[in-house]
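Just so it is clear, A, B, C and D label the chains in written order, and each chain counts residues from 1 on its own.
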Amino acid sequence: MLTLKRLDSADARLLIEGAAEKARAIGVPMCIAITDESGNLVAFERMDGGKTSSVIIAQDKAYTAAAARKATHEYNAANVPGQLAFGIHTEVGGRISSVGGGLPVTVDGEVVGGIGLSSGTPQQDMECAQAGLDHFLAKRG
Amino acid sequence: MLTLKRLDSADARLLIEGAAEKARAIGVPMCIAITDESGNLVAFERMDGGKTSSVIIAQDKAYTAAAARKATHEYNAANVPGQLAFGIHTEVGGRISSVGGGLPVTVDGEVVGGIGLSSGTPQQDMECAQAGLDHFLAKRG
Amino acid sequence: MLTLKRLDSADARLLIEGAAEKARAIGVPMCIAITDESGNLVAFERMDGGKTSSVIIAQDKAYTAAAARKATHEYNAANVPGQLAFGIHTEVGGRISSVGGGLPVTVDGEVVGGIGLSSGTPQQDMECAQAGLDHFLAKRG
Amino acid sequence: MLTLKRLDSADARLLIEGAAEKARAIGVPMCIAITDESGNLVAFERMDGGKTSSVIIAQDKAYTAAAARKATHEYNAANVPGQLAFGIHTEVGGRISSVGGGLPVTVDGEVVGGIGLSSGTPQQDMECAQAGLDHFLAKRG
């Protein structure tokens, strides 16, 4: 039997809180998805003005980051024609995302969830995902 | 009427055994999928610590290798913009994989199945897939 | 943070072992799928002669039992026109199964995985799933 | 290693020939799909006037009959609310068909393929599928 840790509902709210604060600061309303360590959704918020297409994209980024334990921008770096990982973005019915903005949530060296942002540029999505992570790690006590 | 060979359940276990042994040796827990010659799953093992996203990716690599009778890294080499095979990885609902780690299982010149590995780098996945193949060919007697 | 239990690779093998033994006893080769508590595949075996269509059906039964924490035959009983749960079998892209043969794997009152059988009649599938569960609970020590 | 039989291209043509002859006799142009024993398409003909939606339905009937080794009208009889197999028709992404018109192709007690008809009433589809089967068994020599 394995024993594992998974972020809970309160953890997910902290992650969203930090990401949304950054999104407001840069003036880009976002879709924010938080998944558990297996990639299943725990919490989601579409800020007023967030893009409709981003509803799915944010979830896919969070899924990828959690389930593959890898930031989506890392997949982006590897997903280049001629490199062996090229084409990874169409796997799992296209749910594997290689667009920046998905980060694994790691506590004590263990991936406990994922955060995915979408609606801005990938760079903005990445900044807000990181802000969510920073806020969560600072506040979870 | 055609007559064909297909790996059986015992063959599949040998393939998994060899791949898992290599995966343990390099310290990367893997998802290991074995399909028959048509690409349908015969056996699967997620080693403790294997990635959740790799559950599907390993199966898709094995499917591709068996059904297309081609190593996924060979598709990778051809899946380059400007070459005529580019885009092959989105075919069959995205099940065609061009990420290294899937190998056809060939006996007496006939493809009888496929093996797909996922959770490591594509290079690690390829090494473990090959180890599974080597073990199977050595032990099947 | 949540702490949860999940069956490991050795647990999955015990479940398969018990189910396969029963399947051999009744002379019906089966597809046997074991998922973790979130419904993601941990291990799979298609016994020689198991049906190709059952490769997916067995996985969907195990997914349903684990993720919904409910035996698929319980969904079956509720999935009747005129009752409020009717139509549940088309949810999650059709992965929710209301065909008998999927059972949650429960340890110390916690669902840690799922087992799904397919290739026989639903009654046979249910018997073999139960045999897998019984064997696992007896042998896990 | 397993050894199995699979219908070949000439067998598939015989099956289509017999089914199409019956379809012309009853004045209902049909879609006719022939799969191998694993449910993958071997041959297909849309007679002039065959329905567009039947292109997929015929394939799903043939897939079901071959992969599950069961006539689709048998699934129909079992797919009744309150019975344990109810809901089977949405499995495998909805590819399992419980509409009459799909028959396994059995030679020497072994399922070597499937035939699926669509465009008429289920009764007409069943008659034409049976006619394909009869013609094949009579002519294959």
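Quick note on the criterion: contacts are C-beta pairs under 8 Å (C-beta built on N, C-alpha and C of every residue); 3 or more make two chains touch, one makes a residue touch a chain.
Each chain and its UniProt protein: A, B, C, D = Heme-binding protein.
Bear in mind the structure is a predicted one, so any value in this text is a computation, not a measurement.
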| item | value |
| --- | --- |
| Centre-to-centre distance between chain D and chain C (centres being mean Cα positions), rounded to whole Å | 29 |
| Length of the line joining the C-alpha centres of chain B and chain D, rounded to whole Å | 31 |
| Centroid distance [mean C-alpha coordinates] between chain C and chain B, Å | 25 |
| For chain C, residues contacting two or more additional chains | 8, 38, 40, 48, 52 |
| Topology of the chain contact graph, where touching chains are joined (line, ring, star, complete, other) | other |
| Pairwise chain contacts under the document criterion | A-B, A-C, B-C, B-D, C-D |
| Interface residues, chain B side, partner chain D - complex | 1-8, 11, 36, 38, 40, 107, 112, 140 |
| Residue ranges of chain B in contact with chain A within the complex | 48, 51-54, 56-57, 60, 73, 75-77, 79-81, 86, 89-90, 93-94, 97-100, 121-123, 126 |
| Chain A - residues contacting chain B, complex | 2, 37-39, 63-64, 66-69, 81-82, 84-88, 90-94, 96 |
| Residue numbers on chain C that touch chain B, as the complex places them | 8-9, 12, 38, 40-48, 52, 55 |
